[in-house]
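Lettered A, B and C in written order, each chain numbered from 1.
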Amino acid sequence: MQVSFTPAELQAITQPKQVRGATTETVCGIGALGTAGPGELSFLGNPKYRSEVAATRASVVLLPVDYDGQPQPNQLFLLVDNPSVGLARICSRIEQLLWPKPAPGIHPSAQVGKGAQVAATATVGPLCVVEEGAVVGERTHLQAQVFVGRGAQIGDDCWLMPGVILAAECVLKNRVRLQPGVVVGSDGFGYEFIAGRHEKVPQVGIVLIEDDVEIGANSTLDRARFSRTVVGEGTKIDNLVQIAHNCTIGRHVILCGQVGISGSTTLGDYTVLGGQAGIGGHLSIGAKAKIGGQSKVTFDVEPGAYINGSPGIPYMLGQRLEVLHRKLPELFKRVDTLEKLLPKS
Amino acid sequence: MQVSFTPAELQAITQPKQVRGATTETVCGIGALGTAGPGELSFLGNPKYRSEVAATRASVVLLPVDYDGQPQPNQLFLLVDNPSVGLARICSRIEQLLWPKPAPGIHPSAQVGKGAQVAATATVGPLCVVEEGAVVGERTHLQAQVFVGRGAQIGDDCWLMPGVILAAECVLKNRVRLQPGVVVGSDGFGYEFIAGRHEKVPQVGIVLIEDDVEIGANSTLDRARFSRTVVGEGTKIDNLVQIAHNCTIGRHVILCGQVGISGSTTLGDYTVLGGQAGIGGHLSIGAKAKIGGQSKVTFDVEPGAYINGSPGIPYMLGQRLEVLHRKLPELFKRVDTLEKLLPKS
Amino acid sequence: MQVSFTPAELQAITQPKQVRGATTETVCGIGALGTAGPGELSFLGNPKYRSEVAATRASVVLLPVDYDGQPQPNQLFLLVDNPSVGLARICSRIEQLLWPKPAPGIHPSAQVGKGAQVAATATVGPLCVVEEGAVVGERTHLQAQVFVGRGAQIGDDCWLMPGVILAAECVLKNRVRLQPGVVVGSDGFGYEFIAGRHEKVPQVGIVLIEDDVEIGANSTLDRARFSRTVVGEGTKIDNLVQIAHNCTIGRHVILCGQVGISGSTTLGDYTVLGGQAGIGGHLSIGAKAKIGGQSKVTFDVEPGAYINGSPGIPYMLGQRLEVLHRKLPELFKRVDTLEKLLPKS
């Protein structure tokens, strides 16, 4: 499978105000200015990268109309009102080619309960279950074998891929994309230890997923004990991530694969957690904090801090300690030498 | 979604022998004595917490009839024969409101194989598959899109949530609750390295899950090589946990999210493993041992021990070494100074 | 459930050229020469273990015809042209007993799209979805509730267990076995940060799984950004493993439970990764390298190296540093003593 565009096709999609240069390359990739190469498209989405345009090796570059540089040989500049919008149009075209929009309607094999409201423009694919009282918004796509529990609400333009489970009463806002096998609304892990047994504390809250969130395959998000587990607008979650009950994940957060967040923890906006990082319960991770992969965090983290390691410590300190740790054999020898020079008795 | 009870409703549910005080609060939460606040219910389930009752901020407190203290202002004491039983009645009522018991019967879209025995009081929901020879016990609920393999046996009052997979011949005893996407009975990971290839060792044992076990979303439990992988009575397992073939997990164990247990390992009763902890294969973890989050354990652990870290060491030793580790820069400087004071030559 | 064979049955299955000794034991297990006991079968698959045959406690041993030793009392030697082939015949018989080959055909509850090609010898079980243009090869078994996306291709003799999701355009070669809940072809985790938001980079590549690969329950493999995520021939992947987009996993690799591989990383042939190990992105792990459980690798690894720890370092160095780390309390005391003996002033 390959998607590619000729320069002429890209021009037709982006409708540039002005064109500079030309390329004989067919474009079959997209990359940042600094990394794109021949046969790829790049773009100037943020003015601060303006200086990188001159050196980019991309064959086609989307630029704002006020950009005044000239292309290199075999390079095409497309000057548009908003390069990000231009890029979005191209991406949208790629997705249309690869994932053609399904026809609206409810597949005859789907099981839709009484009182469920499915928008006329929505698609409910084969072997889906939509329980009673659930709401499915405009143009939302339940691909196949999806489960939508009693009273759950799904906004507009969402895409729930095969095998997704959205449990009762949970809420997805608009343009939420759930990769295959995601579970939203499993019970929080809460028990009281009574007379030698772990007695279940009913988990009767919900999960609320805000606009433009994407969640990776087989990730799990637990419903709150009594209130809400929340994932903020624009946050992106990778595969096999665990989010426990009563967490509040901020906006535009990045959670890489296999991250685990314990209960009642709050992550600020724009936090970034590397793969396999684990965060304890009842903590607050400040906005824009970074947590390295496989780190273990058991304390509150200041906004903008960079924590790394297991146990987690500030990144620069960790780097320094790691250097010294590897010099331990040398240090022991140095102390041996000192002791020989200076006998105790 | 919110579940709440007036003080009068709580009285009606718990049928107290005696009532002390009164509250104007509506109760919409449950908490331990030390953490519950206004608008929440608490309870004295274990006599050893009796001293915490006087200071609890809970609006309503379930107490044994022999409790002789007085409530604070705007606080209601309900004195019952057994506070734990009272609490269970309230929780049961909450669950009834939130998860009404489905009508018994087999949904017409479910696929039930020849010779499968489904109790008349059981519910087999939409798009479930029950293969031939499987047994589904009294009042057990297969919610939707559940798979029950050939010859598998499910006891009474179990609840298998959407997307659960119970593979052939595996056994669930009574009151087992499997959250969405749980896989019980995948093949153990066993190969023989023969002539440069990993040849599969057939995994022909089963998984046996005892009474009152709960397993979290998308967790996986492998069938034994020849015998049984066992999870003991009352054990609670969180989301995305991996239990390998031939493990024996004791009774009333707690396994937090993303824990991984390698093959043929035994966990004693009442062990507690923090999130993302990993235990090697063929090990024995003693009863009531605690393993910290993200710890790596590659050795047997004594009963009652507390191991932490990667690599795992006794908790107190780990805390002490961590303090010294952070003093390495200082220690190197001190040795530098000593060397200057005492030249080698 | 138990599978067992009498010595006579094993003789009938393996058709030995010669028989030595006899046993009264019924065989209900298989083990390596060094670990098998009474009631178990073992085999000499690799000549280098020849010296272990004399001491094995296995009741029945498969040996090459040129083996000249004698069995112990109550032990049966079966001499065959190729012991590995003999073992494979026995394993195959066990699997037939436990997992009888289903009748070919498409279950009436399965949903097969227009233009999908399902071989006449294939089995498409209950409530499977096979989208348009997908290909299902000879004798391949989609067990139940499996999803095969548009244009996906599955070779011969594959087994996709319940709840497996194979997304559009992805390719499985022959004899691939996917345990329950595996997701192949979820979107890679790729975003461009534009104007304060993470804009999705369409993931329009595929996943290609070569011959004889097995993947464990609920593991996830992301489709490439533009090209292919590849898993090489004979590789075995355990449960809850995450493989990110554009990775190239070599041949005959072993990935234990909960391993995570970040994007665009290459693993050489015969690499072995312990449980919960995490590998960073854009790295190269050389052939036959070993990575310890729960290790964190953020650098390229030489072929044959053995890396362990978080952060990962060469195994032997790590062992040495760990010993010294535990002697830190002693080292601090030794430096205290030196300082007392040698006052600064």
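Basically, a residue touches a chain if its C-beta (ideal position, glycine included) is under 8 Å from a C-beta of that chain, and two chains touch if they have at least 3 such contacts.
Small disclaimer: the values here were computed from a predicted structure and weren't measured.
*Asks:* Over half of the interface residue numbers used by both chain B and chain C, so same, or under half, so different?
*Replies:* Shared-number fraction below one half, so different.
*Asks:* For the two copies chain A and chain C, what rotation in degrees overlays their C-alpha atoms? Round to the nearest 5.
*Replies:* Rotation angle between the two copies comes out at 120 degrees.
*Asks:* Using mean CA coordinates as chain centres, what's the chain B-chain C distance in Å?
*Replies:* 28
*Asks:* Which parts of chain A, given as residue numbers and ranges, touch two or more other chains?
*Replies:* In chain A, 109, 127, 145, 163, 181, 218, 240, 258, 276, 294, 310, 325, 331, 335, 338, 342 touch at least two other chains.
*Asks:* Looking at the complex, which residues from chain C come into contact with chain B?
*Replies:* It is residues 1-3, 28-30, 32, 45-46, 84, 87-88, 91, 94-95, 98-99, 107, 109, 125-127, 144-145, 161-163, 179-181, 212, 214, 216-218, 234, 236, 238-240, 252, 254, 256-258, 275-276, 293-294, 309-310, 322, 325-326, 328-329, 331-332, 335, 338-339, 342, 344 of chain C that touch chain B.
*Asks:* What does chain B use to touch chain C in their complex?
*Replies:* 109, 111, 127, 129, 131, 145, 147, 149, 151, 163, 165, 167-169, 181, 183, 186-187, 189, 191-192, 194-202, 204-206, 218, 220, 222, 225-226, 240, 242, 244, 258, 260, 262, 276, 278, 280, 294, 296, 298, 310-311, 313, 317, 320-321, 324-325, 327, 331, 334-335, 337-338, 341-342
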